[in-house]
Every structure is written in structure tokens, then in C-alpha cells.
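In what comes next, chain A is part of two complexes: it sits with chain B in the first one and with chain C in the second one.
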Partner chain A sequence: MSATVEIPGGIAANRASSGLQVEGEVVQRVVVDRSCRLPVLFFFAAGLAWLLLGSLFGFIASFKMHHPEFLADWSWLTWGRVRVAHLNMVAYGWASQAGIGVGIWLMSRLCRAPLRAPGLTLVAGLFWNLGVTIGVAGILAGHSQSIEWLEFPKYATPLLFVAYALVGIWAVLMFVNRRPGHVYVSQWYLFAAFLWFPWLYGTANVIMQAFPLKGVTYGAVNWWFAHNVLGLWFTPIGLAAAYYMIPKVIGRPVHSYYLSALGFWSLALFYSWNGMHHLIGGPFPIWLITASVVASFMMLIPVLTVAINHHMTMRGHFGRLAESPTLRFTVFGAMIYTLVSLQGVSMAIPAWNKITHFTHYTVGHAHLGMYGFFSMIMFGSMYYIVPRLVGCEWRSPTLIKWHFWLSAYGIILMVLALSVGGFLQGAYLLDPATPFEYVVKSTMLFLQSRSVSGVAIASAHLIFGFHFALMLLRLGRTGGEATTFLSREVRS
Partner chain B sequence: MNSLPRLFIGIFVVFLFAWGGLVAMPYLQLGGLQPQVDEDGNQFPPQRDSLAEYGAEVYAANGCMYCHSQQIRPEYAGSDLERGWGARRTVPRDYVNDRPVFLGTMRTGPDLTNIGKRQPSALWHHQHLFAPRAMAGDWSIMPAYRFLYKVQKVKGTPHPDGFTVPGDPSVPEGYEIVPTKEAKALVAYLISLDRSYSLKEAPVD
Partner chain C sequence: MTLPILLIVLVGFGLAASAVAALYWAARNGQLQDFERGAQSIFDEGEPVGVPTDRVFRRRTRKPKSA
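The block that comes next holds the complex of A and B.
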């Protein structure tokens, strides 16, 4: 291990070298970008389609919570199915596919090699979307397994497993065939995530289907899986993108290599043990819950490490947030990562968990992580990557501005509403003298506010979807100047 | 960390470590748990009949678990006992017949660990599933499950399973509500939810 100056993409070493070499780097990037075009755009487009549909289902589920008679007479639109369909669409349809798209591009760029086996990634993409489509249809038809984060019916799981495994195989291929040289921190995260996820998914499904599991052992497997989808899949991809985009946009190396390594291995070690904090107070051996509570506390190490590393990298460059869309989305996401992780640690404290467990507070926490952190970083990365694939720049800074503010205010309002509402719900539940009727009534205002925030977020997605479609149609700006918040609108 | 094998072994070992702790260990400790049998041969928890087992599938299909938990936490962890949702905390043995297990992580509605004991009337459950607000109060935000029922005109003798909901104006005079097979199974499952028996590791005192 050397204390290399870290700039993603390996240009650091070339900074002082000849102009010829720099030119070679540029040519090489163009070749890499071209090789990624089809698979990455496919994953982005499919992901965005699921995001739009998932937002709609999220809104329906939210609206039903204060208008329970809304769309109540169709079995496939009953709340319990719509809510589950929403989660699976946004987690597996949107977030995972956006993550794979970003991951493929980052891996190729960082391995400094054109995309290997593009056919493999496309086949994976087709299986993935087929699996999610069949899975969501199955949930709406009433075939949900009712195991959180593993609701897709049994007949959809082999399709999804094939897709995940192909992505894993592809990651190994890329990594083995990388151009020799330094391996950047984002590559560790991506490589690990692409291997962990098929392992995790395969193991969880094999255990649940093939073993005579029963009773609470189901619960243990469930939360081992569900929390690791966040910890060993979404979080590493989100961090990989942040570790790339922040230094890249401001043109400055990552503050510390050693902090990066510490952050990576401590995340892997502690996050993977977190799951059972969802079962505090439940019918489980106390050692099991305690292990996860302790691991949740240990998360302070990777979280603060990454926070310090990113903050020190950004120091003196916060002014750039005013111009770069990529930086604004990514830094917002990285800050929320610190916040949501510290919140997660606090929620594992038994005294506080006593209030927040079983309430909307947890739902707010989940949205803060999956949206405020992960999805925002994905948006930021897409603003960076898409122009390099389609050959034109984003058309309108105004549309990007609207996307950012509707998403940012939307998620802040949603999390505030669910946190306050959830806190009241939990505090009233804890007092046995408060009738259940009063508990429900006390949350109504906050559930209504959550629906308002959902409209803002869904609007942001419509704007982004429209802008992305313009890019696919090559209706962006030409001339090579990247679009920033300071660019003028094109008139035509 | 430029070496593939080292990186690979690292991420594999970390994965295996957590799997061993959170999946394999609980399975070794609890996988062989059996119902408790008393001197008359009665099992606790008792086996469900096939109708109630089917009801658990209806419960899963409609996502009941996403609003209703099925676990009673001990006194130090919440007010579950004081709210009268159970007379004792629940323990792993209470769930040995459940596959999958609906412990739940949310209480938009009340806990259902012992709903069969709290509310043993099948008629009440049918009326409540059909018209939650007519039965529980207009504050209830539970969805109505009218799609599990048929509303039909009473011709001659009423249907043996037919019922009406007093205070629900949506079903006109002269009509009756008849549960489908799914509705009957779901109610059988709900009534089977009774974990009020005493276990040696969690006695009811």
C-alpha cells in the first residue's frame, strides 16, 4: 500500500508528465465511455421508468393512510400490496439499476479499460427488469412472501438471481482485466458490492426455501438480509460514487488514503452485523440483539471516517456547490449519509428505540437513507455521466434547479413529518393510558404532510425524467461546455 | 489493496463472519425448538387447522403485517403488557408453527399476538374487515376488505354465512354480505392467534 495522491481515474500520476500522455488519457476516456453507452443508458432509462411508477405507488400508499377508502375496492390496490409494490419498485427497479449503471461506468473508467462483456451486462439488465416486472405483478396479484425486502414471489427470484450473478461475474471480469496501476477506493466499494449482493440474495433465498426454517429463525435471516441490502449493496455503491464525483468535480485528491481504507473495512465489518437492531425487544436470544446494537454503535467509525474524509476534501471548495449540479446533489447526499447514519446509531439505543420502534419514525429514517443519501448521489452521478455517453450537455439549468429543490425540500419535509409524527405515535403508544384511537389521530396531520412531500418528490422525478428523455433524443446543448447552474437557458 | 486475492478474501471473510453470527448461530440455537407438550398430550403453541393455515397466506397476500405486529415485548422494552395486548412476553417457542413469521416492525394498528383471545367472535371480525370504520370508530384508518366479500340480495332463506353490518349504510336493506373462502380463512387465522398459554420459559402468573 502506498500513500498515493488519490484522484479518481489515475490522472494524478500523470499531472506532471508529458502532454502526450494526457492526450492518451483523454482518448482512452472517450473509448471507455463509448463502450459503456448502451448498457449504462439502458440501466438508467429502466431505473427512471421504475422510479416514476414507484413514486406513483408511493403516493397512493401515502394517500390511503389518511383516506383509507381511496381505491379500496380493488384487491390489487389494497394498501398492503401497494406499499410493498412501492418498496420493491424503488429499491430493486430504481435504486439498484441506477446503482448498477453508475457502477458499470465507474468501474470501466477506474479500471481504465473499455467495458468487458457488454452483452453480459445487457442480458443481466433484461433479466433484472423481467424479474422486477414479474415480481411486482405477483405482489399486486397477492403472491407476496410478506418477508420485508424479500416480498417478490418465489417464481421471480431465480430470474433476479441470474441477473445479480451476471453482474457479479462481470465485476470480477472487469477487475481482473483492469489496466495495471493504482486501485482507487471507489473500486473496492464497487467490487465488494457487486459480489456481496448475489451472495446475500442467493444465500437468503436458498436458506428460506430449501431449509426447514420456521418461526423466529425466519426473522433473523430476514433482517440479516434486509439490513445488508442497505449496508452491503446500496451504501457501498453510494459511497463509491461520492468518492469519485467529489474529487473529480473539484479537481482535487481525496484527503486521506488511510481514512478511505479504514472507512471501507470498518463499514464491511460492522454494517454486516447491524440487522438485528430491527428486532429489539423481540422474541430472540438477548446476545443476538446485543451483538447488533453493539455493531450499530461501531458504525460511528466508518461513518465519521468517511465524513471527515469528504469534508476535508471539500474544504475551501464549498463555493462550487453554486455551479455544479453533480457536486450539489452528491454533497447533499454525502451529508445526509452522515446524518442518517448517526440517526441510525441513535435508534439502536434501547431507551430511544423504545419510542421509535414500530412507528413512522423508522419509515422516515428509511426514506432519508434510500432517498436523501443514495438516490441524491445517483442523480448527481447521472448528471455527470449521461452527457459523456450521449454526446451533448444537459439542456436546461432551470430544470436541474427545480429537480434539486423539489427533491431536497421534498425529502426534508417528508422526514420531518414522519419523525415528528412517529415520535408522537411512539410516545403515546408507550403510555398505556393513551387510547389507541388517540395515537392514530395524533399522526394524521403528519401523514397528510407526508403526502404533500410525496407530490414534490414525484414532480422532481417527472422533471428529471423529461430532461433525461431530451438527452436520449440528443436535444441537449452542443458545444462541449458542461451545463452548470450558472449557464444561460438555450432559446430555440 | 491493489491485490485482487487479498481484497476478495477480505470481503468474503467479512460476509461469512456476519452470516455465521446472525444466521447460522440462531439457527443452531433455535432451529430445533419444538412445541411444549403437557401431560395430556396438548401442544403449545397448538397446531393450526388447514383453514387457518390458508388464512395466514391471505394475511401475507394483503400485507397485514405492515401495520400489525405479532410480538409482545417485555416490560422494560415497551408498554405492550400494560396495554393488555398479552399477559406475558412472547418467546421463540411461540412461533415454531409459523412459516414465515409475521413479527412485524410497525404498529399503525394494534398488535395481533393475541387477537383471537381478545376478540373471539368470527362475526365481529367479518363485520370489521368489511367496514372497519363502522365497527371501530370513524378514526380508524384500516382499509376495508370488501373485495373479500360478496354483497347479494336475500332470496328466501338467508345465506348461512351471510351477515349485515349495523351502522354501515353502504349495504341496502334486504341485502346480505357473504364471506368468500379467503375471508373465512383469514378470520379463522385471526381467531387462532392466541398465545396466552403458559410456557415454562415464559409462565403466565
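The block that comes next holds the complex of A and C.
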């Protein structure tokens, strides 16, 4: 088996010099990595395409907030459609696909087995992109559903569900056929995410679209779904990647593996109760909201276990942030995870929610989670995974640094602007003496700042897209220096 | 109308039951024992504990010196 494996440029020599002792392991890792090359690169490339387009739409939506006349003459590009298109492009086009790509690679590595049924994942990818394309076109044409996070028109939903069910079936196949041994915490997170999402998506669509519920239950199901997409789909994938990447890059096992198991099971237990805290103050039974607020506070357990674990794992190794792009993005994302989760808990406090609800503050929180946490960890994982799939190293560390700093400063500026602006907006709106026009005008500076941050973030994505395209074309650096399959210490 | 609701509730219970079953399996299978070894399962002889695996920025600064 090992003799027939063709190992990309420059690595063969390293392998020979690394000694026979490690050869079996190395070849196995190479086989596993290579087996998932096509599907993973497909999901990454498609995800990045949606990210670039989604960033453009996000910028248009942001610019319209302070220049409402911008592109306002064409119904397809009016604010109500552009914002929704942005959300769905980045959530389902970019974030979900990056997550599936990272998930496929991680599952294969952690199952210590080559990818099974690659055709299944590719068909799922095609269906998924077809669904997102039709859905976004439908939204721009004005067929959007008035359900947050489920705005795709009815005719796009079955395509997405088929794609998603295929990914779920694939995950079961992989898990059942894994090599014997320990099931690592990342695998728990991934396997759970891959099974939870089809359930969430299927349930929400059956009782909101196919056989719609009536009255306030409709709103309750809406937020049960929308919040669980974040907590039971994106969060587990992001944490799975962080739990693998951080120890792997610094070469040190997770500080407390016990805590990681506790974190997983408490997330599984508490998260799905959280959604109703979006409905504080709404016409809902008070026990429903109260149970959700309590569950939101219980989230402190999984959040703090993850925070303590990652911090203690990193302790004494923070210097490595200077060497590894993967670590830089992943640790940034992991820190933001703690921050955004604590912020989320605070926003479930009714007194604070009264101010922040329905303001730009919530928008800032959403971006902090989906971008600062999830997307940054996905970037970090892609910096680790892509060289191992294409067999060459990233062309330019300078481009990676620009990507990191533009993204990091961009998201920090965006969240600061929206948090301060949103707080002022909320406080003014609660004061009947303040004229509405004054409230709107007072947010102007913050909205303009948000557009500036959008330019920074979009530039970061252009840089990353360009760099990724170079990697796809095998224009990365090759030769004995590659970290792709062996680290330099073992080789030398 | 009641049939889909019934189905949804049953699937929900099924999922919750599967989570309990998974936890039970994990405990019986020894997945929740010997955490020390579990944490090390992502390392092997090729990429052992104590060896970093991603040093893109570092290599750039070293290269001119050795070349």
C-alpha cells in the first residue's frame, strides 16, 4: 500500500530521511489527507466564492444604512433583500461549507481512515450550492420568507435538505467504519453537529413551511431554529476544529481532557433551550422565556470549560502565535468564543435585553460570533489543511499576515462601533422624550465606521481568495521546507 | 396537521434518546476513562507530543540564513 502512494513534490526525500520507524504512520496520514482532497477543496473553494460575494452584499447593505439612496432604484438591490441575501450567503454559502470541508477532513483524520464514499460528499456539495444559488436568487427576486435564518424560498429548501441529509449519512458511514481506538472530543462535536443540523432544518421546515403552525408558536419555533443553528451547528464545528488545531500545532495535549468531555455534554444538554431568550418581552408564556434565560446561564458551564481548557493548553506556548498562522487565527477565534458567549449570556438578562434588543448591538453580537469566532477558526483550519491536500506550502506569509490583521482589526472595529452605537440607540429609544429622528441621526457615525470595517474585512477576503487560488493552481512553495506532512524536527 | 406534529415530537424524543444512548455507550466503552490517553490520541510517532506542526512564519525568517 505504502509503496504505491505518490507523494507530492519534495516530501518523498524527507520521508526517506525521517526513518522507517515513523513511515507507516506518515504514509497513513498522507493517504487519509489525499483521500479527502477533492471534496474538501470543493467545499472550501465554493465557500470562499460565497464569502467574497457575501462580503460585497454585506458592504452594500451596510452602506445603504447611512446612504439610503445608494442602489435604491432597482428592487433587486433594495436593503430588505440585500441584507437577507448577505446573511444567507455567508451563513449557508460560506460558513456551512467551510465547516463541512473542515469537518470532512477532521473526521477522516480522527477516524484514522481514508474518506469513505467521496462521491456522496461531492453530490451533497453540488446540491448544497445549487440550493444556495436558487435560494439567494429567490431572495433577490423578492420571494424571501419572513423567517429569520430561514429566508430561502420554499422551492430551495428541499435541495438544501437533500444535501444536508447526504452529509449526515456520510458522517454515520465514517463513524461506523473508523479504526478502533479512542473517540476524540472533536469527533463527538462533529458527529453531533452533522446529525443535529438535518434534524433542526427538517423540523423547522416541516412545522413552519410545509404544515405551518399558527400564532406565537411560529415565532417560538423560528427562534428555536435560528439560535440552534448557531449553537448546535456552527459552534460544535468551530470547537471541534479548535480542540484539534491548538494541541496539534503546539504539540501538546489538551490541558484537561476531562473538562473537554464535560464541555461537550453540557453543551448538548443546555444549548437547545436557549432560543427563547430572543423573545424576552414578547407575547409568550413566561415559563418559556424564564426556562430559556436559566438555560442561557447554564451555558456558562460549557463556555468556561472550553475557555479554561484552551487557555491552559496555550499557557507557556503563546510565543508560537508568531510562527503559526493556523494558531493565530484559531486562538483568536477561541478567545472570541469565550467573549461572545459571555456577551450572549449577558444579553439574556431581561433588564439588559430591554436596551439591546432590536438595536445594532445585536447585529454586533451576531458578527462577533459568526465572524470573530467561527470564521476565524475556519480560516485557521484552512491554513492548516490546504497545504496538506495540495502538497505545497502557502506562497506568502506576508499575505497571511495581512489577512489576519485586516480581519482582526475589521471585526474589532465593527463590533465596537455596533455595540456603542447600538447601546446609545437602545437607550434613546427607551426615552420617550427623545425624538426618533435624533435617535436615527445619532447612530450615523457608528454605521459609517461599520462600513469602514466592512472594507477591511472584504479586503482580507480578497487577499485570502487570491492566496487560496494560488494554492489550487499549485503555485505555493515546494521543496524540503514544507511542513505539509512532517514537522521539521522529525525530519532533521 | 396533528400527524406532522406527532412525527416531529417522536423524532425529537428519538434524538434525545439517541443522545442518552451515546452517553451510555461512551461510558460502557471506556471512552470516559483514562482521559490522559484520550488527549494524546491525536498524536503519533510521526507527529509526537512536543513537536509543533505549523511554522509557516518561522521558516521564512530562517531560510535566507541557511541558503
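What we mean here is this: the second predicted complex is superposed on the first by the 456 of 492 C-alpha atoms of A that agree within 3 Å, B and C clash if a C-alpha of one lies under 4 Å from a C-alpha of the other, contacts with A are read in each partner's own complex, and residues count from 1 in each chain.
One rule holds in what follows: a residue touches a chain if its C-beta (ideal position, glycine included) is under 8 Å from a C-beta of that chain, and two chains touch if they have at least 3 such contacts.
What you are looking at is a predicted structure, and each value in this text was computed from that prediction instead of being measured.
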| query | With the two structures laid over each other on chain A, which partner does A:284 touch: chain B (first), chain C (second), both, or neither? | reply | first
| said: Quick one: is A:219 in contact with chain B, with chain C, with both, or with neither? Answer first, second, both or neither. | reply: first
| Counting only touches as set out at the top, which of chain B and chain C does A:148 meet: first, second, both, neither? | first
| More residues of chain A are touched by which chain, chain B or chain C? | B
| message | In the overlaid three-chain picture, which partner chain does A:47 touch, first (chain B) or second (chain C), both, or neither? | response | neither
| query | Which partner does A:75 contact after superposing on A: first (chain B), second (chain C), both, neither? | reply | first
| request: Quick one: classify A:432 as touching chain B (first), chain C (second), both or neither. | output: first
| Between chain B (first) and chain C (second), which does A:323 come into contact with in this model arrangement: first, second, both, or neither? | second
| Touched partner set for A:182, first chain B, second chain C, both or neither | both
| request: Once the structures are superposed on A, label A:333 by its partner contacts, choosing first (chain B), second (chain C), both or neither. | output: neither
| task | Name the residues of chain A shared by its contacts with chain B and its contacts with chain C. | result | 182-183, 195-196, 199, 203, 207, 211, 261, 265, 268
| message | If we count contacts the way the header does, which residues on chain A are in touch with chain C in the complex? | response | 18, 21-22, 25-26, 29, 110, 181-185, 195-196, 199, 202-203, 206-207, 210-211, 244, 247-254, 256-258, 260-261, 265, 268, 320, 322-327, 383-384, 393-394, 397, 400-401, 481, 483, 486-490
| request: Would you mind writing out the residues of chain B in touch with chain A in their complex? | output: 1-2, 4, 7-8, 10-12, 14-15, 17-19, 21-23, 25-27, 29-31, 33, 59-67, 69, 71, 73-74, 77-79, 82-83, 89-108, 110, 132-133, 137, 139-148
| note | Listed in rising order, chain A residues that touch chain B in their complex are 1, 64-66, 68-69, 72-75, 78-81, 83-84, 142-148, 175-176, 182-183, 188, 191-192, 195-196, 199-200, 203, 207-208, 211, 213-224, 228, 232, 261, 265, 268-269, 272-273, 275-276, 278-285, 288, 291-292, 350, 354, 357-359, 362-363, 425, 429-432, 436-437, 440-441
| query | In their shared complex, at which residues does chain C touch chain A? | reply | 1, 4-5, 7-8, 11-12, 15, 19, 23, 26, 31-32, 35-60, 63
